[in-house]
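Lettered A, B, C, D and E in written order, each chain numbered from 1.
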Amino acid sequence: SSDKSATGGTETTAAETTAAVETTAAETTAAGGELDKVTLQLKWLPQSQFMGYYVAAEKGYYEEEGIDIEILPGGSDIIPEQNVYNGVANIGVTWVSSLMTYQAQGYELQEIAQIFQKSGLLLVSKAETGIASPEDLAGKKVGNWFGGNEYEILALLEKYQLDKNSDLELVQQDYTMDQVKEGSIDAASAMTYNEFGLLLESGIAKEDLNVIDMNDEGVAMMEDCLFVNSEWAAENEDLIVRFLRASIKGWAEASANPQAAGEIVYNVDKSVSLEHQVYMAEEVAKLVVPEGFDPANIGSIDMAAIQQTADYLALYNKDLAATPVVDDSTFTAKYWEEATK
Amino acid sequence: MEAFNYTDTTEFMERDFSNSKETGTEIKIENVSMVFPDKNGGEPVTALQNVNLEIKQGEFISLLGPSGCGKTTLLRLIADLLQPTSGNITVRGETPRDVRLKKKYGIVFQNPVLYDWRTIRRNVCMPMELMGMKKSERTARVTKMLELVGLLDFGKHYPYELSGGMQQRVGIARALAIKPEILLMDEPFSALDEFTREKLQIDLLRIWNKTNKTVIFVTHNISEAVFLSDRVVVLSPHPGRVSAVVDIDLPRPRDMECRQTPEFFDYMTKIRNSFEGV
Amino acid sequence: MEAFNYTDTTEFMERDFSNSKETGTEIKIENVSMVFPDKNGGEPVTALQNVNLEIKQGEFISLLGPSGCGKTTLLRLIADLLQPTSGNITVRGETPRDVRLKKKYGIVFQNPVLYDWRTIRRNVCMPMELMGMKKSERTARVTKMLELVGLLDFGKHYPYELSGGMQQRVGIARALAIKPEILLMDEPFSALDEFTREKLQIDLLRIWNKTNKTVIFVTHNISEAVFLSDRVVVLSPHPGRVSAVVDIDLPRPRDMECRQTPEFFDYMTKIRNSFEGV
Amino acid sequence: MKDKIKNIVLPASFGILMIALWEGRMIHKLLGFKPFQLPIPSEIIKTLSKNFNKAIIDTLTTVNGALVGLVIGCIIGFLVAVIATQFPKWGYTGLTVIATFNAIPIVALSPIMNRWFESGFGQKVGVVTVVCMGAMAINSYRGLNDLKPFARDLMQSYAASEKEVFFKLRLPNCLPSIFTAIKINVPAALMAAMISEYFAASTSGLGFGVKDNLRKGMMAMGWSYIVMASLVGIILYLFIIVVERRAIKWHASQR
Amino acid sequence: MISKKERLRVNIVWVIGIFLVWELGAFFLAGVLNDPMADAKLPYLHTIFWVIIQNFSELLGAAGLTFSRAILGFILGAGVGFLLAIVMSLSKTVEKIAFPYLIFSQMVPVLGLAPIIFNLVRDMNTSRTIIAAYITFFPVSVNMLSGLTSVDNEKKELMYSYAAGKKSIYFKLMIPYSLPYLFAGLKIAAPMSVTASILVDMLGSSGGIGVKLLYSLYSGTKDMFWASVFTSAAMGIISYSIILILEKKFIPWKKEVVQKEGA
């Protein structure tokens, strides 16, 4: 499988973070022999948002399934859908809305598991801006990252009959939270598990922040999911099932013990403080296993929620090539069902 | 002239005499005109107008004429560095281009045109490299050539470290080094003192004598032209035309003494007069 | 010489005669040596060694000497474009630097040194701009100067469109245009035909006569040196030293006829001999 | 005249050939691409014409910032070269400092500029300025100092002041190098302006359009922005060449 | 000519000067203006240095990775730029044909380029190198071309008169003549290659300064962000200095010019 690893984009360096993951895998595989190479393309940088995979890798769950996992970090110029479609990676993590736009273009990509059951997106603003409810967004400067991350915000505005062009100013956020801090934008998008935490850590008290939660507003769209190239999937059904089994195991463990999961992720990349990784882990756990959600169903695809996402998307993305198709060919539960049998 | 070593430097200049016996027409210039358009909207400059000239194989011809009359232009036309606006030039029955591509020309430019990034030795070496000469032969020849022009000590210097006259001598050494069959020299000795000049004149004649080159020699020095040439061509300016052709029938080999003879002075006067008639 | 207009172009060259009567020492060169280190690790070149020379105010001095003997170097030292390795130069009791800063020098370089981006007119104009001359005056003077050197028709051309001799004449016109009190000319006529040369020699003498400039004139032409100079200084090469100083006591004003006199030939012989003694 | 026609016809016909190959999906075959991965020209044009007004506004937004930044960056770069020339001892190090800015990626510059400037325009200008300084400083330093032999002596012999040497010798001598630098900086400025928009607090501009659309997989729209950027780049470049031909007709490169 | 020792002294003064100006600016922002974003706009330099010292080995490792990639990208990019310039100088027609495409090439952002390059070579590491080279080649090309087109006619005529072949003309005249221009281009490209390499780091690489930069930017660790920026600047200085040294070695005939500047 060495030739495959070349196409996977591995870096054999000292700073290699995934190497650390691979070498710490304690147990050997049941098969004992050849491992199947799988590369996973993350949507963003290694952080607790993806803790399930790191825990599974660390604990050797992938190896148990006969998988040699390689986790590729995301970045500003990385599009998981492109990478998975082109074969840079086998499996990718992305948001459902983003996946749907690609599917609508003709990319034969299919979702295989829905990791986050809830939306993690918030609109936060400093209390002094007086944005107590979405109506107050009128006349304000509201930030988002765009590039496929904006549909929930658009849905929210639609719900409150705010015109995105005339009633307020929608602007792009950079990757920092400085714009809210310095006041150059009034309300910023923030993920519960990341940016929101960063704001709190930077010394702003929770009481001084107003928060609009997409779930509460009923405009939530589905976020982190796992997807594959349909063609590749057809040839690797068993591998996908094994991958899912190990991943779900990792996610279950991580959600049950976010503290430990945060530490594992921190050991992969120390750019962020341990506290923040743990905080993120705890918040992510709430999205993966929401209150009242059976941990046995981690990764299950809620077609109704997917359909809502598709509806909003069709509503707010005027340039969408086609209406999103929501069926088994695009959102395929069979792998998950097989894996959780 | 302590700068020079008067060793005989000509023996290595010998060339293949296979076709040196035929003394037919070497260069034929027919009705050649050259007009330079002025790119800035001014009037075009007619550098040469209807020039006709035949140069025989092995002949030593001097071009004389006032500044700006088109001597350099004529040389550049013969060497295929310029194409005439009208008229025709043939060299050995071929186009100048063919002859150039056969590497028959050796040119001493009016400015030395040295390559800044090469030492003096390597500047002289350059044409030989282009000829694909062996390194050992090149080295030997460069040494002899630099000796000839009195610059042996300066071989490792760069051009900017040389005086104007020294640079000009490098240009001469470079042109002679490849033993060209047709030698075009544009005021080669203008920046040299009379003694260096006389020495190089004698050397040049010796080389020419031995090797039967065709030489076209531009100069402003009438005495030099008479001393060296078989024929002196006087050009008149604006536009450049041939105003006189004077055959110099002084016996060869010539030496410094011949410069004192009355015939010599007669030729000089004749040429000077043809000049003034312009 | 249809290229020239022999109108009198000297009347505008007149300069302030306030201190022209004193004929004291203008330039004093004491024990000057100049060594160029070789940057590439070779031996340093001693261009000048212990040169002593006094030049009087209003004198016309020629420098002669074999190629590479240090003439240009001496000129550059006087003009403060180089600093001597040892020894001392004073000009009018001041350092060359002070004199340069007072804009007393006019230099004709051995190469024309024209600025590519300026037309001929504007090249000649350049020093006058530096002098802060009025535009109308500049224009008038450029016209006269170009007339003097026979290039009026080429004022709007760029340097690359000119022949070698034409470029050199632009350099002469440029140096004369500002009526410098000390004129340093480095082989100014080397690329010119004999007639243009003679014409410019006469013109130069006329200007010099009228304005009482001090002229230091480098040439390789012994006859030219004798014809023009009050004194001829012969340098010997490697290292450059003064090997002879010959006073030329021919009556002034001189004309072409004086070149045929036996005295003239005597001087030439004398200088040639002092050369050969090197 | 004939040459001029040739100069237009040749690149154009080559371009048409390329576009035809692209349209005929030969390039897709070569790369193993599906049409939705790399949109074909006709689709790009269709998309572009549909969104033309917005594309024009976005283009103007970007080009304005790029041009202002280009001008400021070039001026700063040139001034540094001038200082390095006039004060060789103390100024020379400035060249290194300014060249070093080229090592700071726009990804890092943009957020810094976001802090310094409230407006997206200011941020863009700031980024482009930094990006353009180095090429101008280095090239114009070369031009100001690579003088022909004795050119400076001539000036000195007339006791020209440093100012006169600068304006009458160094500056004209430097012009060709300035044009070289501008040629490098025109595309660099546009690109920098675009990338800065990835992070800018606005939702307009070519860069935003490219990023937003490519990220969403809307390739035709994304590529139509790239085409716009290229057109602007080519037009600006042609403009520079025309100005250059007039400004330095005396130079060897223009003969 | 300014001696090496003096140059060093000057550089030290520069470093101290920059340090002081920066610190004063930072103090002005934080202490006088009380700008709440002072640590993002202009943090104290000594704190940045402190972070660098604390994380020295980590940064050094990352820098090493980025720099080695930068060198690779630079060599490839400079090589391609050089060759392109040669090809364009061979014929005006080629130049005319090529230039719109070169501009076009410069207008395709990495986001659009990366998938194309990957599909072409089907290997992520090779793609990264190619992309780094892609970003670097343009200044080299433009500068080299301007050198090649500036060769005096006389110098070319000398070559023509000996009927020198294209190859000889290029190796013996055009290229040596253009070296000063080329080096100017390299001086621009060398620090740019660091940028390119950082950008390529962000294409999912798991190490390098680019990753440090992106992580620290996103996670709001300002100190680390500035430390990374400084590390990349330091790499820029190093790469620039390497080119300066090479230039001195390769262009010995320019010594005189250099000397005059010091006078």
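One rule holds for everything that comes next: a contact is a pair of C-beta atoms (placed from the backbone, for glycine too) under 8 Å apart; a residue touches a chain by one contact, two chains touch by 3 or more.
As the structure is a computational prediction, the values presented were derived from the model and not from experiment.
**Q** Return the chains common to the contact lists of chain A and chain D.
**A** Per touch definition, common to chain A and chain D: E.
**Q** Compute the shortest path length in steps from chain A to chain B over the network of touching chains.
**A** Between chain A and chain B, the shortest chain-hopping route counts 2.
**Q** Looking only at C-beta pair counts, which chain-chain interface has the most contacts?
**A** After counting contacts between each pair of chains, the winner is D-E.
**Q** From chain C, which chain is the farthest off, judged by mean CA positions?
**A** It is A whose centre lies farthest from that of chain C.
**Q** For chain A and chain E, what's the span in angstrom between their mean Cα positions?
**A** Distance between chain centres, rounded to whole Å: 36 Å.
**Q** Just give me the whole-number Å value for how far the CA centre of chain B lies from that of chain E.
**A** Taking the mean C-alpha position of each chain, the two centres sit 49 Å apart.
**Q** Provide the C-alpha centroid distance between chain D and chain E, rounded to the nearest whole angstrom.
**A** Here chain D and chain E have centroids separated by 16 Å.
**Q** List, in ascending order, every residue of chain D touching at least 2 other chains.
**A** Within chain D, the residues that touch at least two other chains are 37, 107, 111, 115, 149, 211, 214-215, 251, 255.
**Q** Listing for chain E: what residues touch at least two other chains?
**A** Within chain E, the residues that touch at least two other chains are 37, 40, 111, 115, 119, 153, 199, 202, 214, 217, 252, 256.
**Q** Specify, in ascending order, the residues of chain A that touch 2 or more different other chains.
**A** Residues 76, 79, 82, 86, 175-176, 178, 182 of chain A each touch two or more of the other chains.
**Q** Can you tell me which positions in chain D touch chain C when the two form their complex?
**A** Against chain C, chain D makes touches at 148-151, 153-160, 164, 168-169, 172-173, 175, 248, 250-251, 255.
**Q** Where on chain B does chain E make contact in their complex?
**A** My answer: residues 76, 79-81, 100-103, 105-107, 109, 111, 113, 115-118, 126-127, 129-131, 158, 160, 178.
**Q** Enumerate the contact residues on chain A facing chain D in the complex.
**A** Of all residues in chain A, those touching chain D are 76, 79, 81-82, 85-86, 98, 101-102, 105-107, 141, 143, 146-148, 170-176, 178-179, 182, 184-185, 317, 319, 321.
**Q** In their shared complex, at which residues does chain C touch chain B?
**A** It is residues 1-3, 36, 38, 40, 42, 45, 64-68, 71-73, 110-111, 119, 156-158, 161-166, 168-169, 187, 190-197, 220-222, 237-238, 272, 275-276, 278 of chain C that touch chain B.
**Q** Under the definition above, what is the set of chain D residues touching chain E in their complex?
**A** Residues 6-7, 10-11, 14-15, 18, 31-33, 37-38, 85, 88-90, 92-94, 96-97, 99-108, 111-112, 115-116, 134-135, 138-139, 142, 145-147, 152, 176-177, 179-180, 183-184, 186-188, 190-191, 194-195, 207, 210-211, 214-215, 222-223, 226, 229-230, 233-234, 237, 251-253, 255.
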